[in-house]
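Both complexes shown next keep chain A, but they swap its partner, so chain B is in the first and chain C is in the second.
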Partner chain A sequence: MRARRSATLHAALFLAPAVLLLLIFRVVPAVSALTHAFTTWDGVGAARYVGLENFRGLLADPIFRQALRNNLLLVLSVPLWIAVSLVLALLLHNEIPGWRFFRGSFFLPSVLSPVIVGTLFTALLRADGPVSRGLGAVGVPVPEQGWLGDPATALPTLVLVILWSIFGLGVIVFLAGLAAVPQELFDAARVDGATGLAHLWYVVIPALRHVIEFWSVNLVVWSFTSLFAFIYVMTAGGPGYATMLVEYQIYEQAFKFNRMGYGCALATALLLLVFGLVLVQVRLMTTDEDGA
Partner chain B sequence: MNPRLRQTAQTVAIVAVLSAVALTTIYPLLYMLTTALKDRKEHLFNRYGLPHHPTLRNFGDAWTYAGVGRHLWNSVIVSVAGVVLSWVVCSLAAYAFAHLRFPGRRALFLAVLGAMMIAPQVILIPLYQLLIRLNLVNKHLGLVLVYTALAVPFGTYLLTSYFRGVPRSLVEAAEVDGASHPQILWRVMVPIGRPALVTLGIFNFLWMWNELLLSLLILQDKHLRTLMVGVANLRGEYTTNIPLLSAGLFLAAVPVLLVFLLFQSHLTKGMTMGAVK
Partner chain C sequence: MSRIAPVLALLLIAVAVAAVGCTAKQPSPPPAAGPASAGGPPGQVTLTVWDWHAADPSKGVGLWLANIDKTFEAAHPGLKINHVAQSHTEYYEILKTAAAAADPQRGPDVVMLHQGSRVLDQRQSLVPLDKYVTPETRKEIVGWELVSDDYDATRTPWAVPIAVQGLVWYYNKALLREVGLDPEKPPAKWGEFLAACDALRKAGKAGIAVGEKEGFWADWFLNSAYLQTCSAEDRPRLRSGEMKWTDPSLVAVLVRLQELADRNCFQKGALSTPLFPDAGEVFMRGDAGFFLGLISDVAHWKEFGDMMGAEKVGVMTCPVFQESPDASKFPVGGAFTYAITKWSLHPSEAFQYIAFIAGDENARTFLTEVGSFPANQSFDHSLIADPNAQKIAQWLAAGRTGPQLGDMLPAAIGEAFRREAQSMLAGTTTVAGALEAVEKAAQESRRRGE
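Up next, the complex of A and B:
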């Protein structure tokens, strides 16, 4: 009995720093964001309760609609990100000559800050930059304003830059997944004559189902919440609103236009979008023995 | 075609594909480095070739005039403090989750993990207001505390699963010897958990070093800025001086490139935690 009470006391002490940090810097602000979503607030004076006005504003806000559309287009590109990483991981898996070098070089971009990647690619993608020169040489028409300056090409270009910066991480994740699959499974499939696409579809993908799910959820959450720096450095949401994303709009409304209440309403929308997804993510990360 | 020949042809084709992809990841970095080694004039006339008259002047200019040196130091302070504080906070919590029995353990563990869903963007506005009130804006400490709070869920998750693997008998033996819980954590868990702690430290160092949004808001003072904010501003100030900008970018990337070269295997492990069970 005494030992148990002492364990509980120690647990309280050991958990206090983590729990306090989470409460003060994450939970309290989250609650505050939810409540301020129903106010107009300039961040200096007192917030004034306005009911659902911000949310009605959201539905009618063409910039928000555009941002949401762009976010959804990003989500739709996730299968492409998965496919690229998965195919490269499969090619590497059989220990092709030089596989260590290839693995390292694929992984390299994902340790670089989006600030560095974004700035670098802004220079590379200018109308007079190396990418335009290379593509121009093979007859591809180059947009006059550069790849990020043309409303038609800005978002697809952004997607490709983001893909560049993240695909190597996917390769690493899938390689770890492949290493956990018993080699006999692949051998047996080969004996049965499964090759190429059939092998991929009927053997590899089912064997990696769990890893693919895990990585997809990660990427989707990431696409909603981790692209601020790319936008900040590369396009600031433009040209026009061609690359505006919800997370960037929050920043802009709050810290450029001092519309804190409206920003909180945007944040609430983002939270709802991500909420369900993270529940799935936690589900995938915890097994039954966790915390049992 | 005989099978061996076919095998070879296939290998050659695969290597060709992989090389093409590797080229796309390495070329931009090479372009950055070679551009940084040219002076402005050479950059105009020889944009894509190797530098004919390599110079280190851009690095010096970026370091002193563009403030890269000072910002780098700020980033070191913030990231190192963040890494150390996360180690302490997450180890303590993980020890409790892995080896202490107390009511509500599972629920609390899930709640800590669930805090992950509160993305920084969502709480940005109230967080900023809160930090103003706590007088933590324009203080390194403010950013360090926020970073640590962000690092808690994953760090606790990673260390808990590692500490759980430590045999119960080791803990009991230490208890019989009269060791207190903090002593068991320090003398048993930390030495055994070293690989996980190293992985966590590297992982946290990288994202804290690379982070922009929170740093931008919390450290607004020019002298306190971290390197990523500094670099993001360089882009505005030196749009026409691409060589200097490249030198600044390269300097900002050096620490992470070093970490990458030295700790690649640790990194890979950290990144795949949770994906494979």
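Up next, the complex of A and C:
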């Protein structure tokens, strides 16, 4: 009995710092944002309760709709982010020539701060930058206003920059997953004649299913909540609203326009949206698994 | 268990400390008496000053301020200045955090603010300056209307203007000469200006160096050109909603802006070029003939003169597309001011410091050493050697100035205009569509009581 109590105490002791940090930096601000979402507040003076007014305003807000549309377009690019990482991980797993070098270099962009990546690509992608000059030299049409200055190319360009920044992390995740798959499975598939796409589709993907699920949930959450630095450095949501994302709109409303209450309402909506999406995603995966 | 107990006790203490830290939202009450700030010798008051200019004390405004601090401290032995440089980009966000904390021990006593809505938006964090500003100070310094309640210079001021800012057009005399134009007679009419841009483009140069990545250039153009189509009364009417953003007088300005884009007057990639410093560099490299710039601080006559040679730079007002009494004027406003925070324990000393900065001697050095026009107009005009600065000073003295449209507008409307103008220049909306969207943003802003 005494030993059991001691074990419980130990567990509580080890958990306490994490729980404390979670409470201070996540739960308390989230609850505060939720309560302020029903107020009009400038962040300094007293908040005034306005009921659902902020949420009604949000539904009628064309900038929110545009930001949400951009966010959903980013979510649509998640399969691309997964596919690139998965294919590269497979190549490394099969020890292609120079695989040790590539393993290190693929991971390098992941350790760079988004601010550095954003600054680097902003310079590279300018109208008179090396990318436009290089492509122009071989006859590829380049946007007159630069890749980030043209509303038609700004968001797709951003997708590719983000892909460059995170694909290495995906490679590492998939490599770890591949390392856990028994080699006999791949050998058996090879003996049975599975090669190329068939090998990928019928052997690798089912074997990595849980890793892919984990990584896709991560990327979906990430695409809604962790791209602020890229947007801030590269486009500030522009030109116009072409690259405006909900998280950037929260920043503008709360900190640039002093509309903290409305910013909190946006943040609450984003939280619910991401939570709902992840719930659907997990549900779909588990349903599929049950049925299989 | 015996080993766990002390650890547990420490953890509980840590939790308690953290909890106290989290709940200590209200500022601690000010010390009961005594002017001394924490950390200083007994009797010494330390004033913490925040601004975005102090980051580089080796030159420009940063050096000017560093010298002022030294002189002020020497003249006021009981006062010490703790000058803290903050990022210009996130300045108001950082200030908001300080205002929320309202901590007299760690927060600033004196803050730098832009004129106009930036001052009035912060009023609940500032000390009204009625009792500090003397009639003499009011007379010497210009720009009170942009720091006072209801934009009325006779009402309560919340900050002291330090600099005069304005928007003028600079041009490269050598380039104008190259394309067959008289650099002493820059294009004054809109048609002449467009023709000059065409000639420059044919010569392989851009007409205008534009940085529209952040949308500020379109904002500057609006401020520079609206004096031709709007009257002085229109500005408060626009703010109150009596005048709509879709008014023909504003449509006319945006039509000209669109015309500049349609005629390829900008350098390649203008929409992805930052205004600072890139667009200015395009002009200074001699890749563009014209630059819509400032009269103070940066992107101004001194910077261009130092880099290109003052004799190669010319200055003019916005080319006229619509004759009006104010057509030849240039907009003034939007420069920096200093204000006192509400939580400061030493407002009188803080004002002493601000008054010192705004004083006659520092106004003189602001002009001669920094190359910027001070709000304190008591300086000797014969001190100005630069020909472009002389011209600007003459315009200022002759009253060839009008207010800036943007100074009175809440941040959300300014942002809406900048984004819509970007979309318009990128071809994803029209002049009418852009202004309708700005009008909707203005209505929303008014609904919120901003």
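The rule we apply is simple: the second predicted complex is superposed on the first by the 254 of 292 C-alpha atoms of A that agree within 3 Å, B and C clash if a C-alpha of one lies under 4 Å from a C-alpha of the other, contacts with A are read in each partner's own complex, and residues count from 1 in each chain.
The rule we apply is simple: a contact is a pair of C-beta atoms (placed from the backbone, for glycine too) under 8 Å apart; a residue touches a chain by one contact, two chains touch by 3 or more.
Just so we're clear, the structure is a prediction, and the values are computed from it rather than from any experiment.
Applying the stated contact rule after C-alpha superposition, one finds that A:146 touches chain C and leaves chain B untouched. Shared-chain residue A:127: touches chain C; no touch with chain B. Of the two partner chains, chain C is the only one that A:258 touches; chain B does not reach it. Looking at the superposition, the partner that touches the larger set of chain A residues, chain B or chain C, turns out to be B. Using the contact criterion defined above for the overlaid structures, shared-chain residue A:72 touches neither chain B nor chain C, since it reaches no partner. By the document's definition of touching, of the two partners only chain C reaches A:240; chain B does not. In the superposition on chain A, A:10 makes contact with both chain B and chain C. When both complexes are overlaid on chain A, the residue A:32 reaches chain B alone and has no touch with chain C.
Judged by the touch definition given at the top, the superposed model places A:205 against neither chain B nor chain C. Of the two partner chains placed by superposition, only chain C is touched by A:40; chain B is not.
Contacts of chain A with chain B, set against its contacts with chain C after fitting on chain A, overlap at residues 10, 17, 24, 28, 43, 255. Within the complex, the chain A residues that touch chain C are 2, 6, 9-10, 13, 16-17, 20, 24, 28, 40, 42-45, 57, 62, 125-128, 144-151, 236-242, 252, 255-259.
Here chain A touches chain B in the complex through residues 4, 7-8, 10-12, 14-15, 17-19, 21-22, 24-30, 32-33, 36, 43, 88, 91-92, 96-98, 101-102, 104-109, 111-116, 119-124, 130, 133, 164, 168-169, 172-173, 176-177, 179-180, 210-211, 214-215, 221, 224-225, 228-229, 232-233, 247, 250-251, 254-255, 260, 263-264, 267-268, 270-271, 274-275, 278-279, 281-282, 284-287, 290-292, going by the rule given at the top. By the touch criterion given at the top, residues 1, 4, 7-8, 11, 14-15, 18, 22, 92-93, 96, 99-100, 121, 124-125, 212-215, 268-273, 410-412, 415, 419-420, 422-423, 425-426, 428-429, 437, 440, 444, 448, 450 of chain C touch chain A in their complex.
Chain contact summary for the complex, chain B toward chain A: residues 11, 14-15, 17-19, 21-22, 24-26, 28-29, 31-32, 35, 47-48, 88-90, 92-93, 95-97, 100-103, 105-106, 108-110, 112-130, 145-146, 148-150, 152-153, 156-157, 161, 181, 206, 209-213, 216-217, 228, 231-232, 234-235, 242, 245-246, 249, 252-253, 256-257, 259-260, 264, 267-268, 271-272, 274-277.
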